[in-house]
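By letter and in written order, the chains are A, B, C and D; residue numbering begins at 1 in each of them.
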Amino acid sequence: MNTLGRLFRVTTWGESHGPALGAVVDGCPAGLPLSEDDVQRELDRRRPGQSGVSTPRSERDRVEILSGVHEGRTLGTPISMIVWNEDVDSSKYEPIRTRPRPGHADVTYRWKYGHVDYRGGGRASGRTTVGIVMGGAVAKKLLREAPSNDPLGIEIVGHVVRVGSVEADPGDLSAEEIMQYAESNPVRCADPDAAEEMLGEIERARENGDSVGGTIEVIAENVPPGLGDPVFGRLDGELAGALMNIPAVKAVEVGSGVRCSEMHGSEHNDPIWWDGHPVVDGDNSGGVLGGISHGGRLVVRVHVKPTPSVSVPQRTVDLESEEEVEIEVEGRHDPCICPRAVPVAESVVAIVLADAVLRAGYVNPDSVELPAASVEDRWRTLKRHL
Amino acid sequence: MNTLGRLFRVTTWGESHGPALGAVVDGCPAGLPLSEDDVQRELDRRRPGQSGVSTPRSERDRVEILSGVHEGRTLGTPISMIVWNEDVDSSKYEPIRTRPRPGHADVTYRWKYGHVDYRGGGRASGRTTVGIVMGGAVAKKLLREAPSNDPLGIEIVGHVVRVGSVEADPGDLSAEEIMQYAESNPVRCADPDAAEEMLGEIERARENGDSVGGTIEVIAENVPPGLGDPVFGRLDGELAGALMNIPAVKAVEVGSGVRCSEMHGSEHNDPIWWDGHPVVDGDNSGGVLGGISHGGRLVVRVHVKPTPSVSVPQRTVDLESEEEVEIEVEGRHDPCICPRAVPVAESVVAIVLADAVLRAGYVNPDSVELPAASVEDRWRTLKRHL
Amino acid sequence: MNTLGRLFRVTTWGESHGPALGAVVDGCPAGLPLSEDDVQRELDRRRPGQSGVSTPRSERDRVEILSGVHEGRTLGTPISMIVWNEDVDSSKYEPIRTRPRPGHADVTYRWKYGHVDYRGGGRASGRTTVGIVMGGAVAKKLLREAPSNDPLGIEIVGHVVRVGSVEADPGDLSAEEIMQYAESNPVRCADPDAAEEMLGEIERARENGDSVGGTIEVIAENVPPGLGDPVFGRLDGELAGALMNIPAVKAVEVGSGVRCSEMHGSEHNDPIWWDGHPVVDGDNSGGVLGGISHGGRLVVRVHVKPTPSVSVPQRTVDLESEEEVEIEVEGRHDPCICPRAVPVAESVVAIVLADAVLRAGYVNPDSVELPAASVEDRWRTLKRHL
Amino acid sequence: MNTLGRLFRVTTWGESHGPALGAVVDGCPAGLPLSEDDVQRELDRRRPGQSGVSTPRSERDRVEILSGVHEGRTLGTPISMIVWNEDVDSSKYEPIRTRPRPGHADVTYRWKYGHVDYRGGGRASGRTTVGIVMGGAVAKKLLREAPSNDPLGIEIVGHVVRVGSVEADPGDLSAEEIMQYAESNPVRCADPDAAEEMLGEIERARENGDSVGGTIEVIAENVPPGLGDPVFGRLDGELAGALMNIPAVKAVEVGSGVRCSEMHGSEHNDPIWWDGHPVVDGDNSGGVLGGISHGGRLVVRVHVKPTPSVSVPQRTVDLESEEEVEIEVEGRHDPCICPRAVPVAESVVAIVLADAVLRAGYVNPDSVELPAASVEDRWRTLKRHL
């Protein structure tokens, strides 16, 4: 179950302290321009050590593309990408071999698999999101450049809207503006004042040997109408399921989200206007009605729990001695994972949308250059590749 | 995409005003006792007209089992169930043929499919949750009675914890107590005082020709450890994806949910105790760590938007004349769908868990009576059926 | 596992002597004209009692469409179809409750499920192919009429090419000619002389209380190039897997098939000509190279074992007494199932091709009328449905 | 669509002349002993240059395991395996850039993807079966050692039974004997006399610049009863579909296969004996009745077309000039691919069976050491890993 998607499928593999991590993207149409730089750019946004508020671990995370791309364009065959693990220090993890860290997957992996790689969290480590970001980079390229709507032009941007007690109020910004503001500070918050406060909140948590949670909003613009397959492949369902698969996410909202439960219908229903075609105006729906995109912008939020690795003492058990013990988790951890989780959340949205545009026929699943047309047209198009 | 699940698969079909609605459950192991009564009991909980706060539409919703059951036990083959539509009045829907109702899927189905059955919402109607409840009834039976842990004994119960401005505070109750309290009032709230207030809130919305949202919590007890397949088939991911597929749900929380974003790690991490095996104590995790169940109770919440069918005037467009118009939605609608959505949410959780217990090997996928053992053992077990 | 296909998915359900049999077709695009007559026509070809060489059982097999079609066109939602069982005589099957019939699934269903519906073969009965034929009828309609290539125009025809020792030599016929000749005799053989001999062969088997095997060839014309997804969703792979799922099929050939093992490369390679685009000339490839269709006609053959129900004495065991016994199978059985299996084999090919044309983008998966184009074009197209 | 299997899933990637080839095995239970040697042994059997009758290309094909294994045992997480490409000479392939080779996928990949990697056949090359063999090696280990039936003990062996006009008659041998005889000669034929003749047949083809086809039989012993999921996941259906996905395979037979079409029921039905449980005696069923294994040995055959790369002149077209031309394919090719395809066919059978034993509950999908039992039992078992 390490594969996300139906037509556009991302399979990730790798343990935190194993030799390497990777992703195989299957189902990306042929003809899409793709380079290692396209992927590296996104990996660099996820990389630790970008600022004082993330872990000082040094992970260069250089991607190599091993298949599926030839002469700078995708082949329609699986795109295999790899990142070698470096700077691995497994010595700190020896104590947790028998003492599961609270809030971590140590205890559940033990229940499920018996034999586990406890070093650095193994497969349950946040480090495995490297594979998601690699897959997301390909998805973003497809969503932006696939020449369906000449071109499709879907843009996805995430930003941090809460850290602990600090809530951002970035106002009414376009995706481009959010990107610009959010990428200019280390917490990736599009509200500069809140960003300062968030830095303080994170710093305080770190000083206390503690961590703090937060909220990420992801917006997608230029999403075409008709994406999503009711009743069990609804676009919001696919998004929620995929986003909740990101480690540490405990809640997913679409549009009005949790607030909907306090609203009246007359207030919640976004009105519909005419602009050559019907236009749903408002963010309550979050871009989706009946599980299908309506052509307006997509809005989702994920709530991310505080990093469970804290050095304050916690209660756990020693599995060998069967005694209850105290544990203080050592290691180099992010006191708030949200800033680095932004590209991960964007990537998950991108993969879900890439899958949905293929399923809805906006992009030809064989080749971004193929029209869904007659055999003659098809051949004429193909000839340009000789 | 009308199928939910991987090994335990529920496919639903049917339009609101078509001849019938149905579900096909594939992958249910053989040998499970199952009767139409088992399914009817759950359908009756979803049925409208149970009280003054739901729609006065009369839907008997009598289930017939057409396959997959023989002499009162499942066969391991697809279980086909059907409910015939009755009391269908399509006349009220003629106006919406060209005027999509705000907050409804009218506009998006038109975008996606072109040709739509607009009567009663067609396939996007909440009525299609009949199929989910039928599938959920089978899943509940399997989770409760399958003789894995002699027997498995998983119990699933949902209750309404918010309606508009009224929040319930039921205290620390067991699943059985929640069920008992919640089923004793028409809003399905386990806090009797709040239940009264909720009834008032719903009544006021109805009098205003309006509707109101709410929140449902679902709890599962006796969930065994080891369910869920990281990294893209995590139990919380599967739950979130499936629950968000329920019509009108806009947010899904697991455990601490949204609140996690305001917490510190030292506060969020549930401690681990020893009781013959490790026990995670607390509801912050919601029963899941690293996407895998830890053996404690499962807690999820869904936030349900107010029914979009309101008779107060709203802005929409006439697709034929391409003009912006006002619409007042007629029809017999629930002013708050939450009470009737409780069995739907329970059913979705049941289907996801049934799939997970099969995938984790707690129940033999062939037959609830088969051990995963030697050929000789297998045959001995089988002989009892002669 | 009662579902065939990835985008175009047919789920069948029903036992031979249960109340009904059915199929749910999910993923058929909206806007396709579809009536019960379209399905009935194919069911009638499968129906027993068409001639003296099939079983005298009387099965009217009248289809009802219960969902997914509105005003004569598909909705893009699941198409549920049902056939009620009639003329069921379960009394003959009491003896086989404990005595598995050789060549039947009696013994293996007992191994797998323990609790079985032995009446009429239950779920393993050839009668369950009713569901395949219903699904195939929808697929054929889509392949013939979907307006991709204005229209797609794919035609599928099957005919019997061997019964026991009699091999047909129909010569070089078009699909239309094969259909015409084959449908004019009760064995569905396109070679009239061989058809006569086949009738004799079948008659002799029946007189001996025995049965006889045979071979069916299915041809598809106007198959567009580019269908099939290497390396594990190859068109020939999908065809072989699906065809082998038909009860009684023991071998599947594509193009040259078994004969390829005796050939040299210089002889086997079909040459390529030019006709505005490359044209592969010859039937050795069977229409597929590297798992992808090349635009020429598709040729597959299935080899069907003799009906296992024979009244000559056979060795089996009594499961209750654990003794070896003799059994003579009573009942009304086809001495050669091939003629009635022709529409079943065609249906399977149709379902696989319908799935493949959707996956390859020849037909828009949302609606047969939707271009894969701009939002504006899409809306203009949709307006015609108002 | 580069993934085979449902629970035990093998995803392969890589082009013939790209940097590397790989496979990701997802769904293998934890706790299985696995080393690079286990995989290398199978790769060596597939490797070219083993004898005078295969290509002189030198491919060392050293596997590296990059994830999913820790301290010599599987983790239940994805097992990523890689083989770096060496000895790549792409210069010979420049001519085929515009001139599709008859019998190859050149023309169909062009149709489907437009942009193709024509070097060495790219993704359509037989070289990509390296990934299948790596996945098959893990499957074989699981089938042989998983401690279900203490242990499962399933053995899979393939051998060449025909090359061109030469048919083998190995007599009635056990799997172990077939393995022993077949591996002792370069054509992998278990009949030593026929092996000699086959060598001559292949040598003659090579001298003529031609190639020759052949047939491979694969046998699996100790297959437990109850594998396979009717009606669309039948064991024979899964086998046929997967085997037909092997490049160059044009026909698949199960048990009696093609011969069934000439037989009578009284002759085809394998009798059933009693040996503590029912035993189906004979190879006509090929180990499968009604799509479900009956506990006897599994017998399948694949027919492999002659290698399409022949240096005798053939007709094709030049896509650039749109003229019909002659082509003589240069390169270092196997005149008969059958001997090297034996481990590939075995691997496919192994992957399908591994998936089936997981689906049927013979092996716990989480861990080969976990009983499907109570929480207490589960924990006791897990403790041994501390």
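As a working rule, a contact is a pair of C-beta atoms (placed from the backbone, for glycine too) under 8 Å apart; a residue touches a chain by one contact, two chains touch by 3 or more.
Predicted, not measured: the structure shown is a model, and the values here were computed from it.
Please identify each chain that touches subunit B as well as subunit D.
Shared contacts of subunit B and subunit D: A, C.
Could you say what rotation angle superposes subunit A on its sequence twin subunit B, using C-alpha positions and rounding to the nearest 5°?
It is a rotation of 180 degrees, to the nearest 5.
Averaging only over C-alpha atoms, locate the centres of subunit C and subunit D and give their separation in whole Å.
27
Could you tell me the distance, in whole angstrom, between the mean C-alpha positions of subunit A and subunit C?
Between these chains, centre-to-centre, one finds 43 Å.
Just curious, how far off is subunit D from subunit A if you go by their C-alpha centres, in Å?
36
Would you mind listing the residues of subunit D that make contact with two or more other chains?
Each of 1-3, 12, 77, 110-112, 123, 225-226, 230, 295, 319, 360, 366, 370, 378-379 in subunit D touches at least two other chains.
Over in the complex, which subunit A residues touch subunit B? Could you list them?
Touching subunit B from subunit A are residues 1-4, 12, 100, 102-105, 107-112, 123-124, 128, 162-165, 205, 208, 210-215, 225-226, 228-234, 236-245, 247, 250-274, 278, 280, 284-286, 288-295, 303-310, 312, 314-317, 319, 322-324, 360.
Can you name the residues of subunit A that touch subunit D in the complex?
1-3, 9, 11-15, 18-22, 24, 26-27, 30-31, 64, 66-68, 70-71, 73-80, 82, 97-98, 110-117, 122-123, 319-320, 366-367, 369-370, 378-379, 381-386
For the complex, which residues does subunit A have touching subunit C?
6-7, 77, 148-150, 224-226, 230, 276-277, 295, 359-366, 370-376, 378-379
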